[in-house]
Every structure is written in C-alpha cells, then in structure tokens.
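Presented below is the structure to which this report refers.
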Amino acid sequence: MKEKIRCAVLGLGRLGYWHAENLAAKVKGAKLASVVDPLAGQAEKVARELGVAAFSQFPEEVMADPAIDAVIIATPTSTHAEMIKLAATHGKHIFVEKPITSRLDLADELIEVIEKQGVHCMVGFMRRFDPAYAEAKRRIFAGDIGKPIYYKGISRDPGSPPPEFIRHSGGIFLDLSIHDYDIARFLLDAEVESVSAHGRILLHDFMQEFSDVDQAITYLTFDSGAAGDIEASRNASYGYDIRGEVVGTEGTLMIGSHKYHDVHILNAQGKTHSIVPAFPQRFRESYLLEMEHFIESLRKGQKPSVTQQDGRAALAIAIAARQSFEAGAAVSLHTPTKPEDSSVV
Amino acid sequence: MKEKIRCAVLGLGRLGYWHAENLAAKVKGAKLASVVDPLAGQAEKVARELGVAAFSQFPEEVMADPAIDAVIIATPTSTHAEMIKLAATHGKHIFVEKPITSRLDLADELIEVIEKQGVHCMVGFMRRFDPAYAEAKRRIFAGDIGKPIYYKGISRDPGSPPPEFIRHSGGIFLDLSIHDYDIARFLLDAEVESVSAHGRILLHDFMQEFSDVDQAITYLTFDSGAAGDIEASRNASYGYDIRGEVVGTEGTLMIGSHKYHDVHILNAQGKTHSIVPAFPQRFRESYLLEMEHFIESLRKGQKPSVTQQDGRAALAIAIAARQSFEAGAAVSLHTPTKPEDSSVV
Amino acid sequence: MKEKIRCAVLGLGRLGYWHAENLAAKVKGAKLASVVDPLAGQAEKVARELGVAAFSQFPEEVMADPAIDAVIIATPTSTHAEMIKLAATHGKHIFVEKPITSRLDLADELIEVIEKQGVHCMVGFMRRFDPAYAEAKRRIFAGDIGKPIYYKGISRDPGSPPPEFIRHSGGIFLDLSIHDYDIARFLLDAEVESVSAHGRILLHDFMQEFSDVDQAITYLTFDSGAAGDIEASRNASYGYDIRGEVVGTEGTLMIGSHKYHDVHILNAQGKTHSIVPAFPQRFRESYLLEMEHFIESLRKGQKPSVTQQDGRAALAIAIAARQSFEAGAAVSLHTPTKPEDSSVV
Amino acid sequence: MKEKIRCAVLGLGRLGYWHAENLAAKVKGAKLASVVDPLAGQAEKVARELGVAAFSQFPEEVMADPAIDAVIIATPTSTHAEMIKLAATHGKHIFVEKPITSRLDLADELIEVIEKQGVHCMVGFMRRFDPAYAEAKRRIFAGDIGKPIYYKGISRDPGSPPPEFIRHSGGIFLDLSIHDYDIARFLLDAEVESVSAHGRILLHDFMQEFSDVDQAITYLTFDSGAAGDIEASRNASYGYDIRGEVVGTEGTLMIGSHKYHDVHILNAQGKTHSIVPAFPQRFRESYLLEMEHFIESLRKGQKPSVTQQDGRAALAIAIAARQSFEAGAAVSLHTPTKPEDSSVV
C-alpha cells in the first residue's frame, strides 16, 4: 500500500475548502500538497490556514507537477471537462464533484481519455457514503427487504440558491435530483429505462427567466422491472429535508429523519425536536467519508466505488428528465454500455 | 332538530355491514329501520344479528317506504347511479360510497336529479373524518403552515384485491387514488387543473388482463398555484400504509404513522413496533365518524360537508388520471362549475 | 350464555357516568336497568339522558331489587366497603372502582364476604384493558423479552386535582401509583416483597396540609427476583404522561407514547406533534373495554380477570409505600395468600 | 492565545488511547508530546502508531519534563490521587478521568494542592460535551421548560464488565451512576442535599462477592427544591441505553434516543431500527469534544468548565448513595463549599 497520496485541491469554494480541510488533517494516508484557486489571494489564504506548502492560481501548474498523485476538482461544472482531460493526460487520479460534466457527448469523451490514460476517477456522489445510505445498501444487499421494486426519494432545500447560482446550475434535475438518480441506481442495482418529469414554480418566480422550477417530480422505470419517483424542491421553509425509501417484495426500507438534536421538548405546544437546518449539518461527514474511500482506493491501487460511468449514468437521467419536462412526454434511455447511441441527447 | 333519522342500508358487504352496525347501535339520532341485500337470506341474517325490524331483497321496497328518511348505498359502483336516482326521486336523503359513479356524464345527471329533488347527498370519503386528517385540516385552516403549496400522498395496500375485484374496480386511479384526490382538494382548498399519471405492474402480472397496474403515481397542478403527487400501490407486503403531507409556505404538515400498538420491543434485532396490518384497523373509526356527521347534518337540516359535487370532482380527476396514463401526456381539467364542458371525458 | 346482564350504576360522577353510558349503549349483552346517586335529581337527570327506566337516590333499593344482576360501584372510596358488602349479601355481582377500599383489614373482610356469597367481583384497574398494556402482556407472555426482571412506570398528571380531592384521595401512592402497582404485578406476573418510597412537594405547597406530595417514587422488589421503580407526579404541565417499561433477559418492552394526533408540523421551531392533554383522551376507551370484559365474564359465568384479590394486593403495596415514605425505610410485604399476617398494616 | 499545548497521556487503555488519538491528530492547538504506560512495550507501540516522539513507562519522567504543559490521566482510579499530586506540584495542567478519586478526604487534599499550585484541572465528565446534553443545557438555560424541578436518568450497560473490573470499580454508584450525578447537577444547576439508594442483583450473581449490584436506583433531593431519580443497570441485553429527562415548571425535556442508523425496515415483524450497541458508538465523539474544550481553555488561560470541585461533588453523591444502599436509609450531604464537614464520609 502506498504510504501517502499527494493531493491538490482545485477550486476553493465551500466544497473545495471542505475537501482541503479533510485532506490536510483528517484523511489517513493523504497529504494535501497544494491548493489552487483562480481568485487572487484565495489559494494563498487557504494554504496558510491549513498549513499547506504550495498554492497557485493556475491548475496547469499542479497538473504538471510530478509530486502530485491526485487532483480534487471542485471548480464550476463548466470547467470539469477541461480539468479532467488535463488531469488524465498528466496521469493524475481524479476526484470530481458532481455532475461530472453537463453534456453526454463530453462525458463520453472524458470516459475515453480517463480509461485510455489508466487513471482512476471518482465522482462526488457523497450520499453513498452517508452512514444511513450505506447501511441501507448493506441491508438491501443482505436481502432484508427481498427484491427492491420501488425507489422513492425526496430532496428539499430550505430555500432557493441565489439567481446567479440557478442561472448556471443546469436546472433542478441536474443540480438537485441527480443525487437521487445516483442513489436510486445504487440502491436498486438497476439502470433507468425511461424518464418522465414534471415541475412547477411554486414560490420563486425569478426562475422563469432560467426556464427552471422550484418543485419537480421525476418518474423512472428500471431495467429490473422496478420503478420510482423523485421529488425535488427549493421550498422547505422548515429546514433541509432528505428522505429515501426502497420498497421491496418483503418489506420497505426508509432512510433519513429530520431530527437535528436528540432532544425533545414537551410543553403546551406539543412535543418538539429541532430539524436539520441545512446541507452542511446533514452531509458534512459524508464528504470526509467519501474522501477516505477515494484515498484508500488509490493507496490500494483499486478502482473507487463510484466512477466516471456512474457520473455519466446519472447525467443521462438528468438530461432525459429535463427533456421530458420540456416535451411533456416520457423519454427513453439506452443503457450506458452503448454510449454511441444518441437516443437521449 | 329531528329526533331520529330512519335509515335503510343497501348492500351488506363489509362496508354496508359496518354502516348497519354503526346505525343500529352507535350513531346517536339514527334508527336503522331496514337492511337490503340482493343475496337471498343475507338481509334477514343481518337484520337478526343487529335487531333490525325490516329487511328485504329489493331496494325498491325501502325507496317507496314513507317510514324511511335516508338510504345508505353500499352496493357495487355500477348500481350507484340507479340507486341514487331512485332514492332522490322518492325524496330520500342519500349516503353513497365512493366513487359516486364511474362516468362523468352520469355524475352530472345525478347531480341534477339530487338538486332538483332537494335531497341531501353525502359521498363516503371517510378519510376526511379520520381524526388525523381532520386535525390536519384544522391546523392548515388555522394558518399553521402558511399557504399550502404542495400535497404528497401515499396509499399502499398490503396486497392486491383478488382478480374479480380488480376487474370491476375501475382501475387503481378510480379505486385507490381517488381517496387522495379528494383529500388533496380538501386540504389544499383548491381545484385540480391538470393531471399526469404513470404506472407499472411491479408484482401482479394478472392485472395486465384488466389494463390495470399495481403501482402508480399521479402528478397534479391546482388552480391555486399548488401542485402535488400521489402514489398508489398494491405492493406493501409489510402492512397498510397511508401517509399524507401538505407543504406550506411556512412549514409542512405530515399525517399518519405506521404504528399499530403503542408498544416497542427492543432486542438484538433493534427497536420494533408493529404496523397497522390492513384497512379496517386504520379506518374503521372513520366510518362511524362520517356516519355521525351524516345523521347530525340531516337532523339539523343542513347539507353534509362532502357532497355530490365533491364526488364528481374526485371522479373527474380519476378519469383524467386514467386518460393521462393511457395517453402518456398531461390531461387538463375544467372546473366542476362548468360540468357541460366535456374536455375531460 | 346469559342473554343480558341487568346492571345498576351507583355513583354518577365522571367515571360512573362513563360506565352508565357504556352499559346503556355500547356494551353488548348488558342492560342498564337503574342508576343511583345520592345527589337529589342527579340520577333522574342521567336516567333521562341515557334512556334508563329506573333511578334512585338510595343504593339499598337496587341492592334489594331481584331484577338487578350486577352493580357498578363508582361511589367515593370511603363507601366502597359498605356497598360491596351490601351487594354481595344480596347476591349481586360487583364491579368496583379502584381502590377496592382503603384499609387492609376491611379488604380482607370484603374478600371473605364476596367469596362466601359466591358472587364475582372485578376491580376497575382499567389499564389492563388499554390496547397497549394488553398487547404488552401478550408479548411478554409469548416470551418476546425473555424473563421479565424490571418494571419501570411513570404516571404523571397534568396538574393537581383540587385540595378537596387530595384531602380524601388517600395520598399519591394510593390514588395514583396504585395503577402502576397493579400493572407491575400483571406484567411481571409476580408479587411484591418489599417497598421503599420517597417523595417531595415540588410545586403544590397546599399538599403539606394533607401530608401528601406531588412527586413520588416507589422502589419495589418482587418474589420472582425482579425489581422496579414507579414515578408518580402531579407536575406535568405539558400534558398527561403515562409510560411503562418491562426489562427482560432478552430485551425490553416500552409502552405508551405522548402523541395525541398522528399529525406532525415542521416549521422553524422544529417538528412537533400534540400531546395527550388529559386522562379521558388516554383511557376513555379502556373503560369500555373493561366493562365489556366484566359483562362477558358474567354472561359466561366466569371469574373476571381482575378480582378482589388483585384489589387487595395493590392496596397492600400502596399502604406499604405510604408507610415507607413516612418511616424512611423499606417495608416488607407478606404474600396476599396470608392475609391474617399483619406485618403491613 | 498559546500556539500549542504540549500534552502527555498517562495510561493507554481504551480511553487513554482515544485521548491520545484525538490529541495526536484531531484537536486543534494540541501537540501530543509523549505517551506513558507501565505495561512494557505498550507506550512504544502507541507512540509508533500515532507518530508520537516520546514514550515512557514512568509517569515521573513526563511530570518532570519542562516540555510538557498538561497531562491526561487515564490510569486506574486508585492511582489518580498520586498522579494528580505529582502533576500539580510540577505545575502541569491536569485532565483526569472520572472519578477524580475514590475517597472524599483524598479529593479534598487534591483540591488543595491543585488550587495552591494554580494549575487547571478538568474531570472527564464527557456527557456534558455530548451534543444532545449540551443542547439540553442550552435549552434549559434559555428557560424553555421554566424552572427545572425533576431530573430522571437512565444509564444501562448492555451487560456487565468482567468480574475483575467490577472488583475494582467502586460499585455501580461510583462507576456508572456518577455520570448521572454530574449531569443532574449540571442540568438542574443545583446541589444534592440527600441521597437514598436501592439496588438488587437481577442477573449477575458473581457481584455478591463484591457487595455490588447490577441494578440500582438513586433518589435525590436538591437545594433548589428539585428532586430526581437515577437508574443504573448492567442488564440491557438489547444495547446501550442512556436517557435523561428534566421536568420543568413549563415543560419537560428528554435527551437521547436508542437509534443507531437512521434506517427503518418495515416488514411483517413491524417497523424496526437498529439500536446503539455500546458505549463507543454513543459517546466516542464526546471524548473529542471534551478534549477540544480542555485544550482551548488552556490556550486561553481559562478554567475548564468541569473542575476538581465538580469531581468532588459527584464523588460525594456516589459515596452517599453507597452508604444509603448499605444502611437502608437516606444520607444527607452538606454542600461542597464546606468540605471540612465530614457528615458524608
């Protein structure tokens, strides 16, 4: 096993900073060797905070640096393809935030270069590493609910990101539901065959400008005979609300709770516990767990459990959902083993 | 207030028998005067069991009997229209099980005769009287979640009714989801504008013969700007599972639990409580509460809170859902105030 | 099986009225033949309301009436002994509210006369008939938690009864904890050997006058080797709070929840459900279920499942708890099979 | 603020190892400078694993080392007094596992030397740092339940430690209930006035040899007028069960749940979630949080929030509980501000 994986983090927004923090101090077997951000001064500031030796404004520098084994790409989605190609051609292993990219043809190009260069690529579907989802996978795999026949997902943000974020987000299916598309594939162990999507603006009228909605539902059918529905919402005024359910032939399995603190107060208003307010309180730990998996996989020379193919598969579903939403009709997917088929895009 | 409402129950299957039992012994202000069932001996048997003075094989007898104030119609759906017309023309008040009938044109005819004859008609959407749904309505009406913007319903049967029932059921949208269609209108206080429906057979292949499915989802938009999704399933191997949720601008409200007994056992397998096994354990009480409302309304000379118009509205949604499911496209509804418009049927 | 048990209810306070209502309309096989209350006009008023043929101010009248099979004694505790003796000597079956009486020597006298006269006597420990406690008994009996080794009970009233009630209540151990003493015997299937009790006034200073407390704990050891603790409180500002737990060698079983409606509201304050406000909302149904058991037992000529011996056993524990509380030391009990032994009283 | 607190960990059993791990890698502002264990080779092994520069078999070495700022004492309780005195006289700050020591006169000596030497001393009542207990404190302090009037604690181990541990444990009150004694003082913000304790061996007969029990209850009264009861058990076959409750004049607050994974499985057996199996799964994080507090306090030159006085107060309650259990009568405590008073020991 390799002693240390020397990493560079590219993009020091919230997620990039978390990855940098984790690699600097918490992930065994990792060494954070460099941090990169195009914003003047940002990389230097983070490097100082985390005690990292090197920093840069230019991704090309770390890509060319033989002292770097792996890059963590947390830059805007629009730059993912370029970063991945650069990293792969320099022989760096890759961790890239979801979505892997925003076009299927690009995704296919990336898969080709990644596989040709023989590097490992992991896509940041961190929910798979959340203790509850991971336990769900184990229980389903153990046969505890029989054969899985239905996936039901709810992902509700406590409000909308700002208009500038929405403008570049790719829409609610690509930005938010993609987590459920990945988890549905993961938990059902099946591929999506057809997608129907609906949605409406319930509260955030500004989304009209971006042809986006703040409330959506996706109905999926799977090649295993299963089906599923996935709700996405920007309208949960009460907190951050992530729920999953897998119905099986011998039972059902529910994932998640809204509970923030294990404290209940009972008074004249009733019995109350506080609710997870936002994304960091719910999934911060998952970012550490996924990075531990990435580093451990590299140290053992193994493929990570979530790859570029998973990134492509979830992207294909999200694109089909968007198409279905616009067309008002179901869209069929072909399996990701035949990426030359263009029926989706 | 009238001393006693003299009732006749028509159709002595499970629901009819429950209504008869409730009217015979538990509903204040009611007198069960007669029971009717076409099956030879069935009415006599029930009359003896419940201590009812009169019984018959022929609905016409009680319809013509001046000693009867109200009829409870629990006969097969295909007979509802004839029974309602007969009752209304004889000046009897009417309680009819859902669905009021299975065709919109018939529903309009029934509404006309009911209103012309000036009798009261209540449709058996008993969920409105369930203590949890009734409390939900009170809390929403009180403004506790702000303006309602989304309804989410789940109705899962612990298995499929037998093929003969499915054959005559009108399909999953009319038979099962209709409860959620009514409750969505009730809780959102809004009318449905468009319907999209999807479904698949997950387990019960015999349903193919009847062009029915055992798992379905309906997506709805409402004239208030709200939306909603409703899952229906015959595949809940673990028990009877009815859940509802109304998202509002200032919070969300969840209805229902799976808990049967307030007893938890903690052992090496975990912490466990039993699950409501089936429909009677969940809703038996609601049948009593709805009948108390019907009788009390009649005694006070008031219109019941769920009328023929509600019966028609839910029917229109169910029919549109079926059409959408078959066509693979959204179906628009016009408001029930313009029943002459035929865009739905 | 006897067709109908003709009953008289004595004492028309809240509980007596509930018993009368249940016997008049809801208990199969019962006929409420008479109601009795010493308060002028009260019996007549109730008789009219419930449609009962006879009423009286004088218990002796119904005791002597050959048309009465059973009496329900819901008069003040101080009159129980006299009423029971009167009923037994007239050959009436007896249902008596808890506690059976307030002195052990009297209890022994009553047991003697009841057994000599060969009538049945049931004591109103209605918790045994609550669906949750009844299910707990079934699960424990089925071996689901192994051998029971510990009982933990909490009984909290939402506030104190008025001073006049407290004055005549016999104190918190006899009035409130006696329910848990009975349930502990019932669920552990064991007899108490020693009792230690502690308590303090936390909020209601007026109780000093009556040498009573508003918060108490009883520690019990059982002849099976088990132990237990029982909290009693008049200080639950938030609602009515009844919980029970039985720890066994292979698991633990918890009874009860605080939930009133199956409705949760999630908003900025957290996730909230309402709490059972008071005694009637929690146990009203149990009064019906216990009365159905009493009547069915009589119709079958069987002994009810909660007898005068159970009444005496719980009384002995309550008296010992009071003695322990006053003495500051444990008090030993001898088994109820040797009532001549006076070590307790 | 000091850059780094240089620490030595004494005693490398489970807890000592956790402290060492946390100080080596996770606690900001700390440097693990040395590890000490009397067992030959143990310190060296841990030093290698955690990358610590120095190790020793002899506490005296680190005590005399000027490059050490603070010592973490995780050695057997019987050695605490000697270690604390040694550390204080060498001017080291002290973190000591609970109980601070096992005799009150010794505790008073330690307090004297700690205060004379002007070092800081924190006692490892890690529950105070558990997110649920910490949130409870905040809510109570904020007045959310009015004035606290009752504390109810349950601490159940999933089984008994081995006989050799029990022999040296000081008994169930000192070893297990002491956590609740501390938390009761913390949450009620009050001092104990009197203690009554009861207990019994329910399953582990070997404890007779050590005059210990596997099930106990302590009843407490507080100088604020409050009261409380605390259950301790070694008999929870189903898992690790820690619960707390504080009743206030305007509500009650409940701490803790048994849930391990946020995953529920619903099948024919009911709805089940897994239970926290043991102590590490429940409190591992609290050990990190308490150490972060200790180090941050030292860096800021502030007194930690749990001091030698808290260690003595909980010890006094535990000793009184033991005395009460043996004597069968309540034992009074004098407030810790008068340690010269010997009424307790």
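Before moving on, here are some points about what is shown:
Should a chain be cited, it is by its letter among A, B, C and D, assigned in written order, with residues numbered from 1 in that chain.
Quick note on the criterion: a residue touches a chain if its C-beta (ideal position, glycine included) is under 8 Å from a C-beta of that chain, and two chains touch if they have at least 3 such contacts.
Remember, it's a predicted structure, so these values are computed and weren't measured experimentally.
Listed by label, the chains touching chain A and chain D alike are B, C.
Seen from the Cα centre of chain A, the chain whose own Cα centre is farthest off is C. The centroid of the Cα atoms in chain A and the matching centroid in chain C are 58 Å apart.
For this pair, chain B with chain C, the centres built from the Cα atoms lie 40 Å apart. Annotation: 42 Å between the Cα-based centres of chain A and chain B.
Contacts with at least two other chains are made by residues 237-238, 241, 250-252, 259, 266-268, 274 of chain C. The touching residues of chain D, when paired with chain C in their complex, are 146, 149-150, 152, 196, 198, 200, 202-203, 215, 217, 219, 221, 225-227, 229, 231, 233, 235-238, 241, 247-252, 328-330. Of all residues in chain D, those touching chain A in their complex are 25-26, 131-132, 135-136, 139, 144-145, 250-257, 259, 261-268, 274. Per the touch definition, chain B reaches chain D in the complex via residues 237-239, 241, 258-260, 266-275.
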